[in-house]
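In the two complexes below, chain A is the common chain; its partner is chain B in one and chain C in the other.
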Partner chain A sequence: MISKTFFKETKELLREGRVRISIVIVLLLLGIAVWISAKQYENTNDRYAAAKTTERAVWDGQGAENPHSAAHFGTYAFKPKYPLSLVDQGVDKYAGTSIFLEAHNRNDAQFSAAADQTGLARFGDLTPDFILLFIIPLLIILLGYNSLTKEREMGTLALLKSQGISFWKMILGKWTALFMPILIITVVLFLIAGMVLSSLEDYGVFSWSALLVMCLIYIVYYAVFTNLVLIISALTQKSGVSLVISLSVWIIACLATPKMATNIANKQHPYPTAQEFAVDIAKDKEKGLDGHNHWSEESKKLEQDVLAEYGVDSLSQLPFNFDGYRMQKGEEHAAEVYFKHYKLLKDQYEKQTNVYQSLAVLSPYLPTRFMSMAVAHTDYGAHWDFSDSAENYRVAAQKFLNDHFAENSSYGDWEWQADADFWQELPPFEYEPRTLQSTLQTHQGNLGIMGGWLLLSFGGLFLTSKRF
Partner chain B sequence: MFKSNFIYELKQLLRSNWLLLLSICLIFIFGFATYNGTEKVEEREAIIAFAKAETQENETVLIKTLDSLEQGLEVSLPSYRLPTDPIIVGKDFPQVAAMPAGDFAFLATGQSDLFSHYKKPVTYGGRMIEDFTEMTSPVQLLFGSFDLGFVIVFLLPLLIIALSYNVLSAEKESGTLRLLAAQPIGIRNWVLQKLLIRFFLLSVHVLVSLTVVLLVFGTNPFGNLGGLLSLYGLVIGYMLFWFALAFLVNLWVGSSAKNALAMLGLWIGFVLLVPSILNQMGTALYPMPSRTLMINDLRAMKADVVQRQDEILDGFLRDHPEYAINDTTQTRNFWHSYITSLNLLREEAKPIIDNYDRQLKNQQDWVNTYKWLSPSVTLQEALNKLAGNASSDYENYRKQVLLFSEEWRDHFSPFLYNNTAFAKADVANLPTFEYKKSEYRSLAPLVLLLIATGLFGFGFLVSSTSKSNIITI
Partner chain C sequence: MIITNNLTKMYGDFTALDKLELSVKKGDIYCLLGANGAGKTTAINLLLGFIAPSSGSAFINQLNVQENPLETKRFLAYIPENLMLYPSLSAVENLDYFSGIGGKSLNKSQLEGFLEEAGLQSEAFHKRIESFSKGMRQKVGIAIALAKDAKVLLLDEPTSGLDPKASNEFGLLLHKLRSKGVATLMATHDLFRAKEVGTHIGIMNNGVLKQELVASDISLAALEQAYLNTMNYKEATL
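Up next is the complex of A and B:
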């Protein structure tokens, strides 16, 4: 029964014009989207490599200089792009790509692509993830909205009933017929993506297992949509009504709920404005040691402590340059302040994430979107990870410079300069993205919700088939 | 015939429970969207007010400190942060350059979640390139906001599709079309009448609920009557456009399901595909130069300028002999060479930065030229403009802030180069910032109406020349 229904439905679908046209359109759009994204990806990667080497050359070639001047001159950390961003661009467009690393300050990533585009960019881009997340579910609706209603409309339902078939088996057959073309499109698409990506030069970063996970995520997403469409088709009397309800579900799941979620998340757990954030940090920073201010109370206290510890009575008798030492202590205080405030910000972000997860009950789109971005390293979490590791590097680099200053110069000698070739000794900034395993672990919640959607929608379909 | 048609339609619409539900939903959705919008506006106003109050407080502190210093009293500041130094005043006591929300800012989020609404330009220590972006979660930017703009541009057409896709086909499918053929009315006129009646009823419903919602959520829509009329015009024009499409689809496509699919295809095309394709073509034709490579260029410039600081100061003073004459002490400290080289750096970097503004303007021009290809884009742009949250508004604000930064820095130059201390009396003369809104003028309502009328006319002309018989097919 299952296979018979499957073959009959597939034959019907293949014969119908709207199916052929819509599949061709979807494939065409996908082709364009992949082509555009691949171009952008290559472009960005070339620029990234160029910027990284040039920046390092600027740093290495700054000539003889005081290490603290060099620390103020600073350096940049550039965010790399990962192969799977070709499939899902995620929030990349809205997150900055370069972080300025300097003495005393932790800076945010600057220059998001969206800020450099017109308001039209906010409508969204024609990228593979747009097709995968929005258009293919629509295709499922298009193919399946009348799958069961047509049996009623044509009167074949009565015939089927008289033959005493199992409706569950018939629905399973229809389900397979509806799901199979989508499955084939998805698998072929991911295979092509995998082949394109593994032929790119930086093959090292690309992993087939991540691609496989991503493919599975989308397959689950489509299975959920297939179930929903069939449930609606089974419960409605007319094809037109079934289409309208399926579309409403699509709109609520893919368009309305994410937007509602941002409003609710932002209302309940707002971010500070950039200025407020800066003011709060400045206030906390002032409460502690400032490496430049040797008149402050904290400075004096540090002086006394260090003198007592080394048992000497003047700063010039210390075995190191106290200026460098104080600078490092000030840096450590600033780093703590930044850690505290970014932790607060991160808490807000995590609370917002929980809001999104709780609204995923209304929308299978949300967990899919978050999982897909996470696996592609284009989600907000990946951005945080990059920003944190840039900050760790900054703190380490400051220590490296201050220590060199403290160990090699004498107290009060601000004219002292490090050798021109000293700068090369600073290890370069290397960023390793999270492993697939740790990504999956942090997103257990989303995986659970997706599993829940899958099971519940199958259960719902089973129940409706009993009542059919 | 028109009268009986009208009464029939009205009765049918009123008796349908579905539609009752839909209209209640519509009011609820309008309400939720407006609520979100007004919340955002209030937050924005509060942030600006807070910043201004803080500046006011700081100014009082400044006056007090200067007063103490002028009377020779001790102040609890390290010597390098005394506000008698003009550069310190310009850094530690900045003014707020704010972009307050317009009357209709709640309408469309536009770019307002992406950019900051106030800046505090300083004499030094700011970014080389002022960063105007706000600290927003990128997830929020990705998903966008549930605002009135979204409801009108995305959701309203779907309601219209639901109301209009089967005007003709339903009659055909239920067999009543043949009865109608006996009536003294042409089929085109009849479809047109039916659609226009539905359009009229929906317009009344939408405009009334919109106005009620606006009144409920505390904004006085009649305060800015011109803006309100523009909003009405835009909504009506956009609705008429979708009804015109429905007219064409009803005349040409066959069954109800096919009509619905065709309308849906048009919706996806106009609302989702055309905007993203336009945007991507714009960015492909006028690509932004790489920001990462720009950083490299600026860094090289900075490294060069830092090394030539003293030379630059000498050159500057040679070009500005007035400073040398006015200043009898002729002392030069760190600030002189630092500020001078910073200014030079800004001048040198200007062409690079202008490049970005130019490309953005090119992209915007591209969008403006082709936005009528999709009435959804036309409407969204017009709503953003009406809200004062469009790209062009932020561009305008950015320009004004940059001018003000220059004014702010220049204000302290005479103090610096003449080696005059900043005094209490000078506080009153500090420059202040007032945001000048760009004038809202839009032809969008007219364009939308024209497109819609064009479509109606087109449908009429083409279907009257075609020989096919709608009734018996």
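Up next is the complex of A and C:
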């Protein structure tokens, strides 16, 4: 009965003009979106490679220089573009692509793609994630809103009942017929994305397992939507009413709840403004050692402590250049201050994430969106991870430079210069994103919520079939 | 094959069907006559198990309909007043689906054979139902009954809206099914068709089966008079 209903429903769907047109439009949009994203991905990757090489050449070629001058000269950490961002661009566009690494300061990422765009960017981009998250659920509604109401409206329900049909089997057949084209579209899209990405040279951290996980996330999302659409169709008498209710559910799930969740999260756990954040950091930095300020209380105390530790009377008797040593201690204090304040930001981010998760019971969109971005390395979590990694590199680079200054020059000799080829000894910044396993562990809550949505919606559909 | 014992259906204070006692044997065609609201469709819906009786019981092939809703449906076929099929599917595809969900797996030639037996012209076999007349759809309905090898046929105003030729063809099909031993219960307004095809005729009014007649024992005129008397109409005058 399930297969009979599946084949019957599929024939009906394929023979309906609206269905054929809808599928063609969605496939066309998907094709265009993938093509645009692939081009963007290639361009960004080329720019990333060029910028990384150029910047390193600038660093390596700065000539003989005092290490602290080089620390202020600075360098850049460039955020790599990850292959799965071709499917889900996440917050990449807004998060910035590079961080300037310099002495004393932790800088935020800058040069976001959104900053380069005009006001037209407010209309949104045609990206695969837009199609996957918004348009395909609409397609499910368009294909399935009358799946069960039509049996009532056409009058075939009486004949079906008289045949002694098992309604849950009939609904399972209809479910399969509705889900199959969506499954085919999704699998084909991910296969194409996989083939495109694996054929690119230097495709970095791309893995078929990550692509498969992402594909499964979307398949679960569509299964939930399919269940919801069929439940609504089974519970309503008229196709028009079913369509309106299904569209309302789509609006609530995909548009209203994410906006509401953002507002609630911001209201409950607001981030400090950029100005407040900078002022708080400056205040805390003032409370500790400033490597440039010889006359501060903290500098004097450090001097006395070091003289006592080495049992000497003057800084020039120390076996290292105290200026470099003080610079490093100042860096360590600043790094602690930045760590403290950025941790506060991350705590707020975690709290906001919890708000999103608690509201995910209202919308399968939220956990899907978060997991998709996380697997693609395009969520804020990935951005934080990159930013922390860049900061760790900055701190290590400052120590490398200050230590070289302290160990190779004498106290008061600010004219001392490191050799021109010294800079090449600083290891380049290499960032390894989180593994798929660690990403999935971080998103256990979202995985659980999606599992809950799937089970509850299937349960709801089964119970509805009893009432049909 | 079809038996009802004191079958009653009430909606609040309104009695739609009152203590119906009915017996339709193998090969019988029992026509239920009555005005709108007489209780004919209620009786059929109770036999189909679409609605639950307020009291009494209904049996199909000796199985209680209430207690065996799915099993009883294995033995029966149902053709409503307006048999609706899937418009974008052909006659063969509709028959394949309905016989399939009824538990029969038939090949193409078997399906075409049943449609032919039901009197559908072969050129219509693979045409979409959306282009079919009501009479053609009723023939597909009969083909579904034939394919199912139904022992009981429940018909609710099947000839309503059919032209005389199609109505006559439908009557012939019922005779064909009768010869196969199918017990048929047909609700109808059509006295002429009831007299033509029925073996037994019951006249209902206000949910009560007022009179039972053997079709061969009564003329059409006498049937008409009996019907009018039962309805408490005054004798019609020209």
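For this structure, a couple of remarks:
The rule is short, and it goes like this: the second predicted complex is superposed on the first by the 466 of 468 C-alpha atoms of A that agree within 3 Å, B and C clash if a C-alpha of one lies under 4 Å from a C-alpha of the other, contacts with A are read in each partner's own complex, and residues count from 1 in each chain.
To be clear about the criterion, contacts are C-beta pairs under 8 Å (C-beta built on N, C-alpha and C of every residue); 3 or more make two chains touch, one makes a residue touch a chain.
Keep in mind the model is a prediction, meaning the values are calculated, not measured.
Once chain A of one complex is fitted onto chain A of the other, the partner contacts of A:K8 are limited to chain C, with no touch recorded for chain B. Of the two partner chains, neither chain B nor chain C is touched by A:Y431. Residue contacts after overlaying the shared chain place A:W414 against neither chain B nor chain C.
In the superposed pair of complexes, A:F73 makes contact with chain B only, with no contact to chain C.
Set against each other, chain B and chain C touch different numbers of residues in chain A, with B touching more. Once the two complexes are laid over each other on the shared chain, residue contacts for A:F130 go to chain B alone; chain C is not touched. In the superposition on chain A, A:R18 contacts chain B only, with no contact to chain C. When the shared chain is aligned, chain C comes close enough to touch A:I165, but chain B does not. On chain A, the surface touched by chain B in one complex and the surface touched by chain C in the other have no residue in common. Here chain C touches chain A in the complex through residues 48, 50, 69-74, 76-78, 80, 82-89, 93, 96-98, 100-102, 141, 144, 148, 154, going by the rule given at the top. For chain A in complex with chain C, the residues that touch the partner chain are 1, 4-5, 8, 11-12, 15-16, 154-156, 158-166, 170. By the touch criterion stated above, chain B contacts chain A in their complex at residues 32, 36, 39, 43, 47, 50-51, 54, 78-79, 110-111, 114-116, 118, 120, 127, 131-146, 150, 154-155, 158, 162, 165-166, 256-258, 260-261, 264, 268, 271-273, 275-280, 282-284, 288, 290-293, 295-296, 299-300, 302-303, 306-307, 356, 359-360, 363-364, 367, 377, 380-381, 384, 390-391. Contact residues on chain A toward chain B in their complex (touch as defined above): 18, 29, 36, 47-48, 50-51, 54-55, 58, 62-63, 73, 76, 78, 90-91, 93-98, 108, 110-126, 130, 134-135, 138, 142, 146, 239-240, 243-244, 247, 251, 255-256, 258-263, 265-267, 270-277, 279, 293, 295-296, 349, 352, 356, 379-380, 383.
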